[in-house]
Every structure is written in structure tokens, then in C-alpha cells.
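Data block below; observations after.
Chain lettering (A, B and C) follows the sequence in which the chains are written, and residue indices restart at 1 in each chain.
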Amino acid sequence: MTKLLINEREIVVPGEELAEGMDFLPSHGTYRDKDKIVSSKLGVVSVNKTIIKVIPLTGRYMPKIDDIVIGRVIEIGFYGWSVDIGSAYPATLSIRDATEFIDKGENLTKYYDYGDILAAQVIRTTRYNSIDITTKGPGLKKLSGGKVIEVTPSKVPRMIGKQGSMISMIKDATGCNILIGQNGRVWIKGTNLENENLVTKTIMKIEEESHIDGLTDKIKKLLESKK
Amino acid sequence: MNNDYIISLIQQDKRVDERKFDEMREIEIETNISKNAEGSARCKMGDTEVMVGIKMDIGEPYPDNPDEGTIIVTAELLPLASPVFELGPPGPQATELARIVDRGIRESKCLDFKKLCIKKGEKVWMVFIDIYPLNDDGNLIDASVLATLAALKNAKIPKVENDAVVFGEFTNKKLELNKLPITFTFGKIGNKILLDLNSKEESVIDSRLSISVNEGNIHAMQKGGDKVITMEEVEQMVDMAIKKEKELRSLIK
Amino acid sequence: MAGYDKRFSGRKFDEMREIEAKVGVIKRADGSALFRMGDTIAIAAVYGPRELHPRFLQNPETGILRCNYDMTSFSVPERKRPGPNRRGVEISLVTEKALLPVLELKQFPNAVVDVFVEIVQANAGTRCAGISAAALALAHAGIPMKDLVSAVSVGKVSGKVLIDLDKEEEDVDDATDIPIAMTGRKQEITLLQLDGNLAKKDLMEAIKLAKQGCEKINKIQQKALKDAYKSVKNE
């Protein structure tokens, strides 16, 4: 006896039974209890053949290697910078991962100062949750000017869209520079406040309605109506 | 959102939420939010939200004012309301908030302390005003004052038997407020003056001035922040407060 | 009092007060909820997982849970002095223990999840309302958890076993009050306290009542969480 107890894309809560039988495999946001697969998150169910996972609707960013993230410098030490990337712990950007050679004892604020916004990439995470990031690489750098807004990390794929279609549409309609980090931080820089705010509103709309069908059309209309 | 961005917008006469410099966020006031309180109210100002409860008890008057009741204002910055608030006794920010509210009420004499006297030299009403921010998105001061006035205005005097309060039972008699002094808090960022700052704007504030006004008269002021303000700026802020007081007063029912 | 045939409130002996549950009531928090049972209103906010300071409190094996239960001064007929007291400290502790069994904090070593419960209006059963609110806020914050937790107080008043005592019933001389919290799916007990005097038979009957009550509360909690996201869907 093997069966799904919920529908694909249904919203579920912790403790809700998702499937019965040993043919299904629990993935992210779920666990097995005897012959049942149960949700451990508030989220949306995704079933891929026999693999069941719950994509969270809320929660902190869980760093993964190679993720591009947007962070803010919160501390500067002898060996590098502490960067808030919205996860449970700050990430570390060590001198050797920051830029070309930096002399020992050099004033690090010259490179990245307190409060600076960085585009960085996750290069290491450990069991004890130290997170190492780098700013060496194409597009990785200090982001000057502009503003940063926050969305639920699990909704980032919707913001980007298929092959970047959603983000391109927003960029084209507003003329703003937009960078979306996997950690749910979105950096926006445009020529004026109105355009930047239109981007903010659009992104917030996607955040709220990410699980709705026909989202792309809705967003298109929103962007056109404001022009 | 980084601070430079907020500041650069303000220099262009713009605010992050597209408000005008003298524009308040939307205000919503709800009264009688807690049944066991003599009076209570919640004030929402944008995303800022403050609860205030009034409790009353009978106590002895101060020797220098034997025929006057008294108010005791306390504010608790619950860690529930902001990631930066911490558990523990009220710190300087909570104490300042309570004191500003206290002075607005006390100095305007909007509450007649003499009417709070039960028996001269022996028994008077003590009115406890307790302020609890629920969500801090800036300008807790003005939201607290509005919630306090709404809570006071709707407070019912408790029942008394044998000179003691019967807890949980109220009379139909209300606390009388003969004025509604409104507090406006301004922030100075660079050389610009803004009203009703949100928490992002508060994080880049240079100086701050709170003004409690009632029909053109000023009853309490408090300057905050690390930098200076000029006489001209004070005048500008007072003018703005006097211009706006009526509009806000009408929200207190 | 001889024979409690009809409850002061007119409720049936197995009938809880009206329940209201809502998430997302505090914007700055990572998760938040309001839970009302009759005239008892609890609000809960969750912050975290975030780095725990001071460092010596950190546990490299797991994230830890910290709960703080408090009442507003005006939530009760006689003003409660602001700040902690012994009762609040104990309730904070049992709240923590009521929630801990369902939480999966192993993936957050050295971190803390803070839960703040504030009682805005009290008419008995505040710790239970607080726990139900806290469970909602934790789920709303996206904290991994095996299950939700629901809580209700059961007891015996003048010979009758009943559910969800209000203040008037709690104040009856012979009243026995049993706050109980349970997980949703398997209905395993995570909080059990008792004040009063009770035979074993009555205790078991009371726990049975609590099971029925918690099942209903769990459904209301599930709905509150889903509604927060569904409301947009039905536009």
C-alpha cells in the first residue's frame, strides 16, 4: 500500500502526513516515521517521482556551496571580515579569499568597510556552521549605492524565472540594475527612486504570490500599469 | 538597506517609502483591547505598533501635593517587538520613552490630578500607564502618546469598597481628559527635517526633537540624537506640530 | 459547592471557549502568532535561529531554544508589576520543555531560537494559550519541527471533569487544574502539570478530554498557518 496523502504544490504544516508506504523517499523538509512521510516545515509539497520534499514558505537562508549571496559587513578582524548573509550565523570572508594580495596588518576597511554590501560566493560550510565566502570571481564585488531588500530564500527561483525570464522582464521594464542572491537578498540600483520602488513592489508581489499560477502575466501587467 | 542610500535620497528631498517630509504614516487606533485593564488601546503607525494599558489603584499622596493623585508611566521594550531589544529592566531608551509620555500628560494638566484625590492627605488615585511596543518600526514615542491618550480617554474608574479597589469591577465613571496634547517627533538628517521617522530613517538620524503641543501651546519637549539643531529649525518643527495637531487629535475617540 | 450541573459560562463540560488563531502579527519577528481562547489572549514572537551570545552558552552539538513568558501589567485585574517574577520564570521553563520535543535544532549548532510569549489579556489558561501561540510562531518562522504542539487546560470543578477552565472555575475552592500540551499527530504529552486533588480515574478522563481538545486546536493551528499563505490564492 503506497499512496500520496496530499497533492503536489499543496501547502502543508509540520506534522502533516504526506505519503504512506515505503516506496516514497523523504527529502528536504520531511522525515520518515515508520511507513509515513511527514512534513517538518511550513511549505509547499513537491513530488518528483518517488522523492517528496517540502519547499519552505519561510525561514532563514541555509547556505550551500557555490551559492551567490548578498551580504553586509558587520565586523572586521585581523584575518578578514564577518558578513551577515541572513543565515543563522555570519559568514567569514578571509583576506586570502577577498581580493588580490593584502599585506598583513593592512587597514582592511580600505577594501571593505563596515556596512558595505557585497556580492559573494559560498565556498565552504562546515558541520559547525562556519560559512566561508569569497569575493574573487566574475561579478563578485562591493555593490556601491542602491538598496537591498529581503525575500524568502526559497522564493529566489521564482524571482529569477525560467532562464532568467522574470528578472529580465523587471530589468527591461524599469531600467534598474538588479542582483538576486540565493540568500534572498536583492540589490536594486536604478536611476531614480520611483523605478527602484517599482522593482521593490514587483519583487514583494512575487514573494507574496510565488505559489500562484499565471504569475508571470500578473507581474507583466503590474509593470505595464505603472509605466 | 544601507545607510548611504537613505541619506542620499533624503538629500534629494525623497524618503524611502515615498512620503513627504511632513507626512505621517497611516495611523490606526483601537481602544479596549484588553478587558481587565481600566483602559487600553493599540496604536498602529505604519508598521509600528504600540499597546498601552491603564490600571488604577488607591494610594497615599505625596506630602507636597496632599490633594493630588498621580500617574506612573512605565515602558517595557519587549524583545518580542524587535531583534535588538533585550530582556531585562528598562534601559535608557525605555525610560526616556516613558518620561516623555509622562511629561506630555503631566505638564499639560490634561488629567486633573486634583480630581484624582479621594481624601486629602490620605487617599488618592494612582494611575498606572504601561506602554508595550509590539513592533518597532520607528517613532515609538508618537505612537505611544497616541495610544496613551486613547487608553486614558476610555478608562473607567474601578469600583471601590471600604476604601479599597474591587479588582476587575468598574464603575461607569470615566477618567476625564480636558485636553489631548499630541506629541510629534522630528528627525534631522543632514540639513533636512523629517516627521515620523521609520526605523531605517532613525538609524541615520543626526538629531531628534519631540514636541508635545495642545492648541498652539507647547507642554513638553525632548531633544535627542548626537548633533545640534538651530533655533530656526526648532521654529520650523514647532510650526509643523501646531499645524498637524488637530488632524491627529481627531483620531482619538 | 454541591453539584456543578451547569458551567458558569453555559458551556458544555467538553466544550472549549471560542478560539482564534492568526500568524504574522509582528512584522519584525521571524515568526509570530496570536492565539485567543475566550478572553485569554497570547501573542508569541520568534527570533532566530541566530548566533547565541554570550559564547559560553553555545552548544556545538545543537541549537538551543529559549522561551520567555510574560504578562502585560494590565492583562489581569490587579496590576502585575512589569518584569519577571517566579511564576513567569517557571512558566517560561515549562513552555520550553513543551516545545522542545518537536523541534529539530541539531542543524543549528551554537545558535539560539528565541521565543517570546506575551499575555495581553488573561482569563485562565494563559500558559496553554502561550504554548499554542508559540508553536504557531515557530512554524511560521520556518523552524524545522516534527510536529505542532497544542495545549489546553483540563480539570475538575465540584465533581465534574471538564475542559478549558475559565477564571471563575479556576477560582472555585476545590478546582483542580491540569494544563496539558500534546503533539498533533501522535498526541504525545509534552506538558503536564496539576494543581489540586484528583482520583486516578478522573485524571485519565481529563487527559482524554485534553486529547479531544488538542485535536481541535491542532486543526485550528493548521488552518491559521495555511490561511496566511492561501489568502492570496483565493483573490
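Annotations
As a working rule, a residue touches a chain if its C-beta (ideal position, glycine included) is under 8 Å from a C-beta of that chain, and two chains touch if they have at least 3 such contacts.
Everything quoted here is computed from the prediction, not taken from an experiment.
The chain closest to the protein's centre is C, with centres computed as averages of CA atoms. Interface comparison, A-B versus A-C: the higher count of C-beta contacts falls to A-C.
Distance between Cα centroids is largest for the pairing of chain B with A. Between chain A and chain C, the centres computed from C-alpha atoms are 32 Å apart. The distance from the centre of chain A to the centre of chain B, each centre being the mean of the chain's C-alpha atoms, comes to 39 Å. Among the residues of chain C, those in touch with two or more other chains are 50.
Residue positions of chain A touching 2 or more other chains: there are none. Residues 72, 115-117, 145-149, 193-194, 197 of chain A are the ones that touch chain B when the two sit in their complex. Across the complex, chain B is touched by residues 25-29, 39, 41, 43-45, 47, 50, 68, 70, 72-79, 82-84, 114, 116, 118, 120-123 of chain C.
Of all residues in chain A, those touching chain C in their complex are 11, 13-17, 29, 31, 38, 40-42, 56-60, 62, 88-90, 127-129, 208-209, 211-212. Chain contact summary for the complex, chain C toward chain A: residues 30-31, 48-51, 60, 63, 102, 104, 107-111, 139-148, 183-185, 218, 221-222, 225-226, 229-230, 232-233. Chain B contributes residues 1-5, 8-9, 12, 14, 16, 18 to its touches with chain A in the complex.
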